[in-house]
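Each chain gets a letter, A, B, C and D, in the order it is written, and its residues are counted from 1.
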Amino acid sequence: MPRPGVIVWEALRNVFSKKATIDYPFEEGVKPKYGLRGAHVLYIEECTGCRACQRVCPSLAIEMVPSELTKTKKRPVINLGQCIFCGLCEEACRYDALFLTDYIELSAFQQKEMIIYENEPPKEEISEGNEPKEEDS
Amino acid sequence: MTAVWWILTILGILFFPGIGFCISIALFDEWIDRKFYAALQDRIGPEHAGFKGILQPLADFLKLLANEDIEPEAADKWGMRFTAIIGLAIPLVALLFIPIIDTTGLLSFEGDILLLAFLTTMIALIIFLAGWFSASKLAMPGTMRAASQLLSYEIPILLAMFAVALRTQSFSLAGIVQWQLDAHRPTLFSLPMVVFFLVFLLSSQAELERSPFDIPTAETEIVGGWEVEYSGKKLGFFRLSADLQMVFSAGLAVTLFLGGPTGVEMWIPSFADWLASIEGVSGLAVVAILYYTTMFAIKTTIIVLILSAFRALMARLRIEQFLEFSWKWVIPVTLGVFAITFFYVPWTDNVVWSHWEGLFDVS
Amino acid sequence: MVLQKIITWARVKSPWIIHVNTGGCNGCDIEVVDVLTPRYDVERLGILIQGSPRHADVLMVTGPATQQMKDRLKLLHEQTPDPKFVIAIGACACSGGIFRHSYIPCLGIDTVIPVDVYIPGCPPKPEAIIFGVAQLLAKLQGKDSPVITPKKIALKDLKKSIEEGLAK
Amino acid sequence: MADKKKIKLGSPQTGCSSCIPNTFEIPLGPQHPALKEPTHFLLEVEGEIIVNATPRIGYVHRGIEKLAETKTYSANLTLVERVCGICSHIHSISLANAAEAALALEGFEVPLRAQYIRTIVAELERIHSHILWLGVAAHEIGFDTLFMLSWRDRELTMDLLEDISGNRVNYAMNEIGGSRRDMNQSQIDRMLKYMDITEERMERYKDICINENTIRMRTQDVGILLPQKAKELCACGPTARASGVAIDVRYDDPYSAYGEFRDIFNVITYDTNDVFSRVVVRIIETVEACKYIKWMLKNIPDGPIFKKAPRKVPEAQILSRTEAPRGELIHYLWSNNTNKPYRLKITTPTLSNINTVPEMMKGDYLADSTITLASIDPCFSCEDRMITIVNNDRRKPKIETWSESQLRKYSNDWHAKNKRWKK
């Protein structure tokens, strides 16, 4: 039987019940305990600079820069602005040096703020951006 | 006509029952409206501007005033400015006639109900002009819809207003309020008037262009209709004007059907006598003013809540469905009930049904 | 001075947004709409979504600015009244993301219009979007700029928590 | 352009009445509050009645098919997820199915548990997509309360998806040869609980949509697509099923784990052919999806979730059909014994359904244009994968036909001029 205002009682019940809203910046948000894919964390002491993460990255967000700390004298630098948080780098890393954390509240005012430096930020090199070399067509 | 009288009147128009007070009650009612609308949808609505977000409409208005005002090249610039200012002025003028702090309005004369009926039509005309001057492709269907919608809600709203005038045998709002005081009951408490009250609320919803009758401004169809090209100050004026119109409609409904700013004194004669006695006393007159204002605010808020619930609980109609609904149902029913009222009034006022009507009295 | 303070207060309390998709995959758009709905309900911060760019203050741009949408985006940016702010939502809007190396130059929206806040993520969670807007509002009030620093967790703890998660 | 000559708005027209055309054009998009994605419809309107509608697509062209040829299969799975953010999982299932079918020529087999997990996520995605659509459709007809409430209930499904996959929208659950994440018992229990709630809520929405007067007024006899027309215009998915055409790839040609419960599978059809019919079909499909998920969760087999696949996919040409929330999705994969596809062609449901929209719109009211467009659940990011070359003269746009050598020359010139990947 069609009639207007079928939703009346449900709506009125909403007025008096507790609201579904989370007052987010002033309260904790909703997060699963495990397995969230957020910003990366790199343990440079474990990293060997094998480039596995760079090769597997679908959006080419990882660039290898020279470093004194790793075996191959290279280490990854991650551009969060380009990262799609798929987690393939985490799986590709055989030495458990790269992880995705549950740190998802990311925002930046400039492009270069989104590039994660780990431990020793060599600023001059990173400011160039992380364009891959041009392939011949 | 002393100097004091003039100063008091000008102050009254500018601040207390006049412009300043009306704007603040309009902003308050917008907050109530938004908060209740959000609550019906299981969310909390404005929360972080002032106490529970009570300053939210003020912040919106101030921000719009401070923003850049873009005028499209193709538009009629002076026309746009003119409509924005007149659009704000009309409901402000109309609100001066509504009794808020007393049983008579700030301005009042015999037959002011006719002027108000004219002003409600003017608002629709201004909306039409606003859309026309802005020369936007999306505004055009909005204006066309506004014009055709005007024809169909204006008749029921006028009939409802004149039915009250007929019932109370008075063409001024002060007279209507006084009649309700004398009869010891609001106009609403008799059968035909309930129909007119509902018709009045429905038509106000259409006049205010709120869902389910927000056809001229339908956001998901024609991107805000006639107000699509307005920005900055002009948009702020139009939004404030919409709020003022809401207060005006609610205030008119209160005055016509719910006894205006009067309250319990309708049924407690001694309290009414005391109120009448303190009116001349300078110190205690403030109490009476506060009492009337509170009563008015409570009643308008109730009407706003009803209008707000209307908005939340139905889908938007199409323009031709609205016209059909209006011309096939609302107008014939209103006309019929109006005819009944025409015979009903003298009958009840004299002898026959006067004790029957006692059933509707609360006292 | 006082007037300036009042205006800033009004601006911070009532940022109206317009949502522009410049050819993204829809994921970010769904999250932008999601912040309006009861779980996150950004109306409590005074945010309203507007249909017309003339009514808006903040452009929420998603998508990598494809060839055909570039001019439209520029037009929309011009139609928005001053002062206007641009938020780039998602990897595509920040830098082109996964489409950066396509033959169509999708290099992010900052090649077309100036951007105030970048929100990385593919798509960012609604919390991240609200956080980004909150950062913009904080910047309006003259507070510091955020720099991304992932939470430092001891490696052992992280591994342990991952193992726990797998075992759970 | 042309419309400006016809009528100058904002100024009253003078002269003979025959000079004034009685139709005028209203643009719908590319940026429109009712559309979450850019597309453009030029509506020719006579008063309030639509005389003609011309779709113009291509705003979302991002070159995914070409990009896919430069990436490995595992990277491509994440790339094709970004074809569309709402039906992302089904795209990666489609590509994975295609690659696995090619691998199956060498005797490769995917574990059954992985197939179950994929199917569960696909059905969860269908639930979230349909509830999302219900909310958007309610928003189009100005019923914001239904929009808000349905999106509130959608959050349950989003929580489940986030819990399983670690992201709310692009799940990255698939890998060639299985699934990347497993489900444990507590997650299964939670899912069963939430599915009960969702099913109950969807029954409630069915009640609301069928009984609420204003919804019926806005959706009944609007956007009519007769079964014959639906077949002629190649409609698919819920759009076709709402016109009484019973086609569903899940039933007709089962993939992943759909073959396991074919006997309890119902193909939902409804026969009023209008927008109302599409609302009802989608709501009932959501209820059905809850049932399938519960069946799968109760019967999920133990075992590995992943079998390591060889990097190189043997040479084959595979056509993989799946049922996305919007209809039939086709991935055509041409592999050439390397770790990258030689050619990937995607045909999305919206591309087939968009042709039905002008047919539905003609003769309807302007107010119904957006709900009619929304009724096919458009997903333009799915759809835009063609580019039209138009000559540079803006006054007389003309579609040109180029030969292969011309195209090659154009492409060489273009790449010489615009260095790739450099700003």
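One rule holds for everything that comes next: a contact is a pair of C-beta atoms (placed from the backbone, for glycine too) under 8 Å apart; a residue touches a chain by one contact, two chains touch by 3 or more.
The structure presented is a predicted model; accordingly, all values stated were derived computationally and were not measured.
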Farthest chain relative to subunit B (centres taken as mean CA coordinates): A
Distance between the centres, which are taken as Cα means, of subunit D and subunit B, whole angstrom: 46
Between subunit C and subunit B, distance of the C-alpha-averaged centres to the nearest whole Å: 39
Subunit A and subunit B, separation of their C-alpha mean positions in angstrom: 53
Where subunit C and subunit D are represented by their mean Cα positions, the distance between them in whole Å: 24
For subunit D, residues that touch 2 or more chains besides their own: 32-33, 78-79, 82, 145-146, 148-149, 152, 155, 167, 170, 212, 214, 420-421
Two or more partner chains touched - positions in subunit C: 37-39, 41, 44-45, 50-51, 97-98, 100-101, 122, 125-126, 166, 168
Set of subunit B residues in contact with two or more other chains: 40-44, 47, 219-220, 223, 312-314
Graph class of chain-chain contacts, one of line, ring, star, complete, other: complete
Subunit B-touching residues of subunit D, taken from the complex the two chains share: 9-11, 24-27, 32-34, 45, 47-48, 138-146, 148-149, 152, 212, 214-215, 217-218, 365-370
Interface residues, subunit C side, partner subunit A - complex: 38-41, 44-45, 91, 94-98, 100-101, 108, 110, 116-122, 124-128, 130-132, 134-135, 139, 145-148, 150-153, 155, 158-159, 161-162, 164-166, 168
Touch list for subunit A against partner subunit C, complex: 19-25, 29-30, 33-35, 38-41, 43, 46, 58-60, 79-86, 96, 99, 101, 103-111, 113-114, 116, 132
Touch list for subunit B against partner subunit D, complex: 40-43, 74-76, 132-138, 140-141, 144-145, 211-212, 214-215, 218-223, 312-321
Complex contact set, residues of subunit A against subunit D: 1-7, 10-11, 14, 20, 30, 32, 35-37, 56-58, 84-88, 91, 100, 131-132, 134, 137
